[in-house]
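What follows is chain A paired twice: with chain B in the first complex and chain C in the second.
Coming up: the complex of A and B.
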């Protein structure tokens, strides 16, 4: 039988895992959206910045990025701030390093996903909003975004699951998340199977929940679309 | 009586000298990269005039129409709509677009919105009407194009002809003084073509100004006041409809008419 104390710790760890994953994913969405919008048109400077960013953060394993942020982040930030004449030191906690690392790595992947979704919205949709004099922000939020969501949702769901599972690696920088506690409990009780099983059950549960929620969202984004199999001169796709 | 009573501002006749032409293009040039798509085009449309634009594929018909509402930017020359010059300034673009309605070959309805929401969208967001006001206007125009019974459906649940009629209603809701049509029936199955052409014919009778790119020569003969033939980015020939079909002068138009008639 698992000991209640350890189970409780694993529960606490699970909460930390969820916090890291959610914050990292939100950061990734923000970075991904900004890069996607910035790289829609060919602009040399922006594209060089994007290429550099993408090759670093998709080339270096996320765990390594987290290590770099954890051990060097504090130094980097204070030297940047000292350039601005500020003399402060900011301590980087494992939590912050984990969120920043996962957010920036998966932001690079999401940028590609979101850009191609935007590019797959038929150009006629943009043109219709123009001739109808819809203000640009409203056109993006109310016309383009729902269609981008519909196209990008499957990829975004997968990416969320990958981010969630990648948090398990980040225990190596000392973050007290679910893996760290499972490992601790296994070591103390010499019953690794049961605690690792519990941790696995958590990830499985989260994945199941993810698919449930994403299906709901997908139904919402697909309203108005016929099944692909049905033929007909629907809106230009 | 016409099915569509258009409520655009006082309908002017082409004879009224006090009013500027609805559309006036002068020495218009348009390039796509190195490709010269419109070559020194001069083109004028009077108020309440119905003009049909035709010509072979790639002759620049869409480019011409899209330069009028700034979906494409012209490289030189001038575009005036109801006397207002179309410059690159956002305010000018908006002012000119406010005069124009556009119907696309591919409908371009918003697929995630119902038919009614498609029509009320611009009324609410561009004209700042309340939802009940906007729905009132939208229903009125949906009724005029005979799709009011489909108001709560999504575009994909409608036939092509119904979708195109919704697109026409959506454009009319903003009460433009000029309607631009770019091959409105080319994406439709043969049965649907008639329903859309009938609506356009009703619309033409209301005194609104219309520029239609179309291959429907029967429609052109019945409805157009003037027909314009384009080829390779130039207007090759234009004439009152009757003369256009009966006595084409250029050999290129004669050949074209032989092919399409």
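Coming up: the complex of A and C.
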């Protein structure tokens, strides 16, 4: 059955899509966290570097960044390394280019999100960790980070869906993911409608799954959190 | 790897033609997206089956990548005989029309949600006051709710608009030569990927930042009554 054959291939493509999206998102989280922590205090050099980075990567389509990394990436890397006296050539696969492009573009967006979440953690929490003599690494990981997660989670969920959907666009650099296989299948079978609907169903399913999982995580991050002022009825009755 | 200024200058006409295509795709999508989003947002604010249908519309078109929609319209629709054999074919055989339709669906999904949020944020006391003063529901909508909502959603609209500018790079998948595709064409002819792609990136950067400045000015004008800290 040819139809089942293509469904299997689309499944393989869907796995590649998920791999690229997950790796790109982890890279974006890493870049975003580093920039968020580095720009918490006003330091001129770091801030200029951050502003330049953010301006470039939020002002250019991710597809163009991916094209640049894919076609010119190995040239850029070898010319940077030749400055250090090394003569290496690295082949860039579409997979690497896609992960790097999406990670760097959405790292710029996530940095803003994470920084404002850190800034919205009440200052008393930082002061309390100091008073209680909690070592700084433990204070960040055990006290601040869970609260940052609670504040940043809705934005991070949206960003994950954006990254996942952008992975479809990145297939244009030659990545063999779900869109590439859907296109292949519709070219061979002359049934484009069904295969593209299948791809839509995959993305809708992933979105639904994301909301389901994020609700669970949100509940988990909200454990032990109660608003200080409980809103009762405004009138006396 | 170095930036070749001579090549950048020589490829400028091709890149500017690509920029023109990008805008030819973008501008009708912005207008059509707004026109489609408004009734969807109003239906979403209503109750009953209309609201459920609008919620489905928003969820579907926000959940599906724009590239999938472009492929669905460009190569999926001609499979249907109602498109292939009627007057509709004169429209859908044109890649521009497909790009407009595909991107409008995405844009209207996001815009409907933005407009709904803006309309819901208008204080109910204001609307009640207008009704008490004898304004018709149509007047309340066009004279009061929409102008107020426009101010509330300015920031969200800026984000969405900038995302749309960047989304237009997907139309190269359906044979249109936009700015991204034009840069790739120059690369195909010259085997220099760095120069045309960086030049195209610079053009995108300028477009995005001119829009950002425009929104900042609009925000200063429209929201000048708000206290700033």
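Some observations on this one:
Keep in mind that, in the parts below, the second predicted complex is superposed on the first by the 224 of 237 C-alpha atoms of A that agree within 3 Å, B and C clash if a C-alpha of one lies under 4 Å from a C-alpha of the other, contacts with A are read in each partner's own complex, and residues count from 1 in each chain.
The rule is simple: a contact is a pair of C-beta atoms (placed from the backbone, for glycine too) under 8 Å apart; a residue touches a chain by one contact, two chains touch by 3 or more.
Fair warning: this is a prediction, and the values are worked out from it, not measured in the lab.
Applying the stated contact rule after C-alpha superposition, one finds that A:169 touches chain C and leaves chain B untouched.
With both structures placed on the common chain, the touch criterion links A:224 to chain B but leaves chain C unconnected. After overlaying the two complexes on the shared chain, residue contacts for A:39 are found with neither chain B nor chain C. Of the two partner chains placed by the overlay, only chain B lies in contact with A:138; chain C stays clear of it. Residue contacts after overlaying the shared chain place A:204 against chain C, while chain B stays out of touching range. Greater residue coverage of chain A by touch, when chain B is weighed against chain C, goes to C. Of the two partner chains, chain B is the only one that A:127 touches; chain C does not reach it.
By the touch criterion defined above, A:67 lies against chain C but remains apart from chain B after alignment on the C-alpha atoms of chain A. In the superposition on chain A, contact of A:157 is made with neither chain B nor chain C.
After overlaying the two complexes on the shared chain, residue contacts for A:146 are found with chain B alone; chain C is out of touch.
Chain A meets chain C in the complex at residues 55-56, 58-65, 67-68, 71-72, 75-76, 78-79, 161, 165-166, 168-169, 171-172, 179, 182-183, 186, 190-193, 196-197, 199-200, 203-204, 207-208. Of all residues in chain C, only 1-2, 59-60, 63-68, 71-72, 75-77, 79-80, 162, 165-170, 172-173, 180, 183-184, 187, 193-194, 197-198, 200-201, 204-205, 208-209 touch chain A in the complex they form. Chain B makes touch with chain A in their complex at residues 69-71, 94, 97-98, 100-102, 104, 106-114, 121-122, 125-126, 154-157, 159-160, 163, 170-171, 174, 187-189.
Residue ranges of chain A in contact with chain B, taken from their complex: 122, 124-125, 127-128, 130-135, 138, 142-143, 146-147, 150, 221, 223-226, 232-236.
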